[in-house]
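To start, the structure under review is shown below, and the notes come after it.
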Amino acid sequence: MDIDLMMRVYPFFLKAAWVTVQLSIYTAILGLACGALGASMRLSRLAVLRFLGAAYVSVFRGTPALIQLFILYFGGPQIGIQLNAFEAGVIGLGVNIGAYMTETIRGSIIAIDKGQREAARTLGLSGWQAMRKVILPQAARLMIRPLGVNINALIKGTALVAAISVVELTYTAQRYIGSTYKPFEMFLLSGVLYMIIIYGTGQAIKWLDRRARIV
Amino acid sequence: MGLDFTVVPGYLDIILLGVVWTIAITLGAAILSFFGGIFFAVIALYGPWFVRLPFRAFEWLFMGTPLLLQLFLIYFGLVQIGIDLPAFVAGVIGLGLHFAVYNSELIQTAIIAVDRGQMEAARTLGLSRGQALRKVVVPQAVRDVIPPIGNNMIALLKDSALVSVIGVSELTLSAQRAIGNTYRPFEFYVVAAAFYYVINLGMEWVLRRIERRVQAAR
Amino acid sequence: MTDDQTPFLDIRNAQKSYGDLEVLKDISLQVQRGQIVAIIGPSGSGKSTLLRAINDLDPLTGGEVWLEDMQINKKLPHRQYEKHINQVRQNIGMVFQHFNLFPHLSVRGNVTLAPKMLKGLSDAECDKLAEEQLDKVGMLDRIDYYPSQLSGGQKQRVAIARALAMKPKVMLFDEATSALDPELVEEVNLVMKKLAEEHMTMVIVTHEMGFAEAVCDRVLFMDQGVVVEEGPPSKMFRNPDNERTQNFLKKHLANANR
């Protein structure tokens, strides 16, 4: 193992890891927004919205994220959408993971809805009040862990933007593999950084989950 | 530059060939990941420590890093140690190993959940530990995780697009070839997406049938 | 050949501890060929542990178990021991409280799994064997059912057929009817009675005192890891010598009548 080489290049990997972190954060925020919107559409009383929500989930979960990214980044200009690679990465991945989060959020709400809505309605709360005051607070706790699984997948998924040349961890590893012919060393460097990011996020989610349970 | 889907039919043969390769690589990797998952699970639970420990490290590394990175490692790493595999084979191995690790996680949990009495009953009849695992415990565990393994297979289909970056001529790379000639990325990627969507539907249909058959045998 | 004086199954000074907890304290038990021995006693007294020591499912920490002229729990290097014990277990059938049928196999599959794997029987031979054994326990008509489609009593009868298919020399029953609804107990008892009439050697852990009295040649009362008293059922159930035995039976009858 070429430790010298690893010591020489690791600053570049650190910089790249920071890009991966930023990508992950923006993507997670956009994904959660899309998930919340998607879930409310899927649970809407309006059939049109329900259909649109279902179509969103079906299409974005039914096709590869990489293709979605390519359509946005390479095909976007044809329909008047000009984005730089980082922006395309965040939007492409965010909308994609949002489809998965839609199902996570919807599942948690349904799980609580069953008994609780009736109880709230018999007290005289309106449908919306029941949702806001009774169901959502409980569902929010329930969805922390499965959303954590989505976020874990999302962090690994940010590697896809290497294919549109965003200089994040995987792209950097790929470039250094090409120039140094040291695939194992480069894999190890980037792999360790990925695991630190994922482990840290995992701990944060566990902490949130524990806190939510105590309250 | 607007959209013009009339260019697509001229490249349909390339695209369809890509579809065939995508199905082939998905099937190959799915089979590898299924049996690899069982094998890994048994090793992780029952292997001697000098197998178990390195395997845990491997598992940990593969669950904590992106598939794309792993594909680069396998493709270039194998070349590095003098094994020059065709891209297709490297793709099957990369995808298959990646999902084998995820399947192994599921199967391990399921094996642990199989009632202790099952192993005892089998041992009482005179079966060895290996025979009891093979004929009694593992089949039950696998049956219990067919639905989540099915979900992994669906994910595998979509992740098969990634092997285009190591040069496997599947659907995504076929689309890219057509785009290289026509400069019409939007049209061809949308067409590719449509094909993926259809394959995905087909796969879900097959998996649901398998699930129902497995359920019936309970 | 064994004459009637040398024991068929011979447990010598069995001792078993889990850490500091001594579960079996120097127990000896001889069973003649064709004899039927019942073990009774309060929960936690070590009945299952003793039974499971016979086929080395829970290995003893001291003492020896012999079947005919073979020591079951002899010390061997791991590999050899595994081979030895798998061979031995083919001769010892065991029936569990919770049946432990293989849910992924049909009734036929449950009965033929071991004969097929271990005796190398052909499919046709296996089918014949399965039909024979299932007929004996009255389950032939359910041969292609799955365990989940059977009642508890039916499951237990299949479990007995599964054990019998290996043509064991001894059958061990660990509270075979304890998990059954009362109305299903009798069908399993009938099968066990039938085995008794065929002079199968059996060791039966049970809480069914009536059944034990009707079927068994000898009864052991265990408490806290020792055999407190043993004798023929008539004496054990009608006028036991030991006070602990008397108390146990009194309590047990009181519970049974409630």
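Each chain carries a letter (A, B and C) given by its place in the written order, and its residues are counted from 1.
Throughout what follows, a contact is a pair of C-beta atoms (placed from the backbone, for glycine too) under 8 Å apart; a residue touches a chain by one contact, two chains touch by 3 or more.
The model shown is predicted, which means the values in this text are computed figures rather than measured ones.
If you draw each protein chain as a dot and join the dots that touch, you get a simple line with two loose ends.
Relative to chain B, the most remote chain by averaged C-alpha coordinates is C.
Chain B and chain C, compared by their mean Cα positions, are separated by 46 Å.
Rounded to a whole number, the gap between the C-alpha centres of chain A and chain B is 21 angstrom.
One simple way to say how far apart two chains are is to compare their mean CA positions; for chain A and chain C this gives 57 Å. Considering their complex, residues 55, 57, 82, 86-90, 92-94, 96, 98, 100-104, 113-114, 117-118, 146, 148, 159, 162-163, 166 of chain C touch chain B.
Of all residues in chain A, those touching chain B in their complex are 59, 62-68, 70-71, 74-79, 156-160, 162-163, 169-170, 173-174, 177, 181-184, 187, 190-191, 194-195, 198-199.
Remark: chain B residues 1-3, 60-61, 64-70, 72-73, 76-77, 80, 158-162, 164-165, 172, 175, 179, 184-187, 189-190, 192-193, 196-197, 200-201 touch chain A in the complex. Touching chain C in their complex are the following residues of chain B: 115, 117-118, 120-129, 131, 135-136, 139-140, 143, 217-218.
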